[in-house]
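In what comes next, subunit A is part of two complexes: it sits with subunit B in the first one and with subunit C in the second one.
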Partner chain A sequence: MIQFQDFSFQYREGVAPVLRDITLAIPDGCFCGITGAAGSGKSTLTYAINGIIPHCYPGDFYGSVTVEGLDTVEASLTDLSALVGSVCQDIDSQMVSAVVEDEILYGLENFGVPKEEIPGRVHEALAAMGIIELLNRPIDSLSGGQKQKVALASIIALRPKALVLDEPTAELDPASSEAVFRLLARYARENGTTVVVVEQKIALLSEYADLLVIVDDGQIRFADAPETVLAHSDELLALGVNCPRSTTLVNRLKGAGLYNGPAVRNVAAATDVCREVLAGAGA
Partner chain B sequence: MAKFLEYVPGTSFLHRMNPSVKLICAVILAIACFCTTNLAFLALLFVAALALAASCHMMRETVGLCKGVLAFSVILAAVILLTTPRGAQLVPLPWGFIGTGSLLAALTVIIRLMTASIPLFLVFYVTKMSDITNSAVKQLHVPYKYAFTFTSTVHFIPVFMNNMAGIMEAQTARGVEFDGSLVKKVRLMVPLCVPLLVSSVRKTNSAAIAAEVRGFHLRTRDSGFKQYPLAARDYIALAVSVAILVVAIVL
Partner chain C sequence: MIEFKNVSASYDGELAVLKDVSFTIRDGDFVAFVGTNGAGKSTTMRLANGLLKPTAGEVLVDGVPTSQLKTSQIARKVGFLFQNPDRQICCNSVREELLFGFQVLGEQGPDAEAQVDEIIARFGFDSDAEPYLLNRGTRQLLALASIIALKPPTVILDEPTTGLDFRECQKVMETVAQLNAQGTTVVMVCHDMEVVGDFACRVIAMTDGRVVADGPTFEVLRNQEVLKRASVIPPQATAVAMGLQQQVPDCPVAVADANTVEQLAEALEGVAAEGGR
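Up next is the complex of A and B:
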């Protein structure tokens, strides 16, 4: 369980708090998507989970953030990183090795995983991301999507209780973005891992997330199941979050009194709703 | 052709050598080059270094290195020519002369620098940086922090070069013309150092955080998964390198 309790944070060099009065509980095994306009405080929210704030970026920290009962201020960054695996936005900066195998080994070696266990962990992580064939490839020769998968595999190999990803598909095309989310969701489901992902592509988040969090100006505006949050498409648009058009269409149908069900996450569900509405109109 | 300091896979003798031994041998050979003034011996070492490069299919890269070193060493050679009047006089100068000895000394500097740089250059191309780090930590007892700092520095050189190329491309798209004299090019590039520095600091900071959240501080000398046993070829290479050093000192 990741628990924010009345959490506020202001960077040391900042003039105002980046996050204010955050209270949020992310249950174990939950796939939590965080989105919001640029500069709303999404990344800072994830830094609070993996301990980057206040350990790397100091500032005024109010309230508490706990991961599996461990207070992120009191625990060391090393203790927290055994629980929380993090993938940063800038993948090239994250890579410390020249070859994929060494990149996966890096964390395993640091955390002192028994040597007889390491080959199995490497294979398992690469298999989970579907990139076993990349084992001996130089990292410089990989595409953006492949690097993203390698970065995820290097974290997954550590078997953290939670994964925190900051815009993992920022440099990927739609197909690669979808592939990364699909692999991530499957891994989280199979292993009961909590996933917290910051992402601008709300269509992807609404498709895969169990809990959708909308951050605006340092505060949480919505934190609920995607269907519930997406029902507020007009309010979300005012906050700078552009809902999928299929969702907006169904919400408009609902506003016009033509449909009375929950908000939809994707085009397939919207198509079913439209069919239902048209069938009702025909009758 | 491999990118700057990018690992080139292979199965050559040099590829299969122990990383620490490779590094030690390269340093010994470099020292040997500076211990001798015998031009014939240096030329022999130069040919041997080229043969070593050919054995691991790195001739093109090595020729590129030699060109780079030549450009630098020619400046040194010119200084030596003009300031070391030795041997039979060939060209009189107001402050002395250029002699046959001056020519030999200048040539020796050029050959020495090229020969000394080739083995070190090859080691970085035929060995994974992580192997150099892990082996240095395990076998040479180099503290991991220093080994990691060194490999990270080397790892980031191409990243920063790409950044600079990106910034220059962006400026070219805005009408800046980098073609022309060296002075003009340098004058245009100086202001670009600020954005490069900013992005470099940001990347370095991200890399440090990424390493920390993957247990960097937990690393010990025994953490490395891979073992680097010494084989007969390593002892042979070490013996040959030491012998070359001894000959260089004696000659």
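Up next is the complex of A and C:
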């Protein structure tokens, strides 16, 4: 469980709080998607989970943030990093090795994973990301998308309690992005791992997240199941968040009196609604 | 005009990352390259602006092979926007950044200053702002503006909307669309199919270093075989319309052919108003 309680934060150099009065509970095994306009405070929210703030970026920290009951201010970064695996937005800044296998091994060896467990963990992580063939490839020969998969594999190999990912599919093609989200959702479900993803790809968040959080100007405006949040498409647009087109379509049909159900979160559900509209019209 | 004639390319001289690729980008086109990571899209862009030379075949810019042109000569004709603006921005103020291209081309002077003034006004930049303190979307716009300032007849955009929020994305793409409307040829690599559907007039789909489709945007994005081969996911409104076409016998044409939310909603509302087909 990740718990924010009356949390506010202002960077030391900042002139105003970046986050204000955040209270949010993210249960174990939850796939939580966070989105919002640039500068809204999304990344800072994740820094509060993995301890980057206040340990690396000092500032005024109010309220509390706990991960598995561990207070992120009182705990050391070492303790927190054993609990929370993070993938940065800038993948190149995360890579420390010259070869993919070494990149996966780096974390495992540093966390003291028993030697006999390591080969299995490396294989499992690479297989999970579908990149076994990259095992011996030099990192600098990889595309941006391949690097993102390696970074994810290196974190998954550590089997953390929570994963915090800042735009983990930014450089991936649509099919690979969807595959990563599907994998993360399944991983959260099967392992009870809490997955927190900051992402601009609202269609993917809507489809796969259990909890959708909209951040605006340092505050949480919505935090609920995607269907509930997406019903507010006009308010979201005013916050700089554009609903998936499938949602917009169904919301428009609802406005026209052709549909009376909840908001939809993906193409399949929108297709079902449209089929019913056609059937209702005699098609 | 940019022509690829049976072009193959390799980074290490052995592994071909582009295999026998041919196409022509005509003046005024707005073309999107789509396909999976590693399909050869970015390599194609590097060949088009001369950063990479073909190992076989030839790339021609306005009829002249890139192998006979200096990179600086090609740069006057083909502007290149990197995916990450931080790889492009190198000056300490917005104004210096916008003047940098002119200086490199040896064109500094009152004319360049006037053009930079015009660009600053058009984009609403703070000319003294430090580029690295701007947010990502504004840095992307600055990088784009510094290309536009030099008025190349063609601009290549390598994933111009990656990492941008909705508003930033709209601002960048509306600027690009305006450029194209004024005659600039736009070639873009893009993973966001909603952006491709909204803005591109033509799509070239690639997979494994080869072109697998080249045609009007929705002709390509509705071709099931192409979607499968290039692992492309169509825009959502198109996907819904295609799903209805498959699932509903005698699906009304206006519904089946819709490619936008507006078109699909209007078609469905029309069918509902008529009480059936």
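Keep this in mind: the second predicted complex is superposed on the first by the 282 of 283 C-alpha atoms of A that agree within 3 Å, B and C clash if a C-alpha of one lies under 4 Å from a C-alpha of the other, contacts with A are read in each partner's own complex, and residues count from 1 in each chain.
Quick note on the criterion: a residue touches a chain if its C-beta (ideal position, glycine included) is under 8 Å from a C-beta of that chain, and two chains touch if they have at least 3 such contacts.
This structure is a prediction, so every number in the text was calculated from the model and none was measured.
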Exercise. Should A:G107 be classified as contacting the first partner (subunit B), the second (subunit C), both, or neither?
Worked result: first
For this session: Applying the touch criterion given at the start, work out whether A:A38 contacts subunit B, subunit C, both or neither, answering first, second, both or neither.
Result: second
For this session: For A:A25, select first, second, both or neither according to whether it touches subunit B, subunit C, the two together, or no partner.
Result: neither
For this session: With the two complexes superposed on chain A, say which partner A:V241 touches: subunit B (first), subunit C (second), both, or neither.
Result: second
Exercise. Given the touch rule stated above, what does A:L135 touch, subunit B (first), subunit C (second), both, or neither?
Worked result: neither
Problem set entry | Of all residues in subunit B, those that touch subunit A in their complex | 3, 6-7, 9, 128-130, 148, 152, 155, 158-159, 203-204, 206-207, 209-220, 223-226
For this session: Using the touch definition up top, name the residues of subunit A that touch subunit C in the complex.
Result: 36-39, 89, 143-146, 167, 170-178, 200, 202-203, 240-242, 244-246, 248-249, 252-253, 256, 258, 267-268, 270-271, 274-275, 277-278, 280-283
Problem set entry | Contacting residues of subunit C [partner subunit A, same complex] | 35-39, 42, 83, 135-137, 159, 162-168, 191-194, 231-233, 235-237, 239-240, 243-244, 247-248, 250-252, 255, 261, 264-265, 268-269, 271-272, 274-277
Exercise. Where on subunit A does subunit B make contact in their complex?
Worked result: 50-52, 56, 77-78, 80-82, 84-86, 88, 90, 92-99, 102, 105-112, 115, 118, 136, 138, 140, 154-155, 158
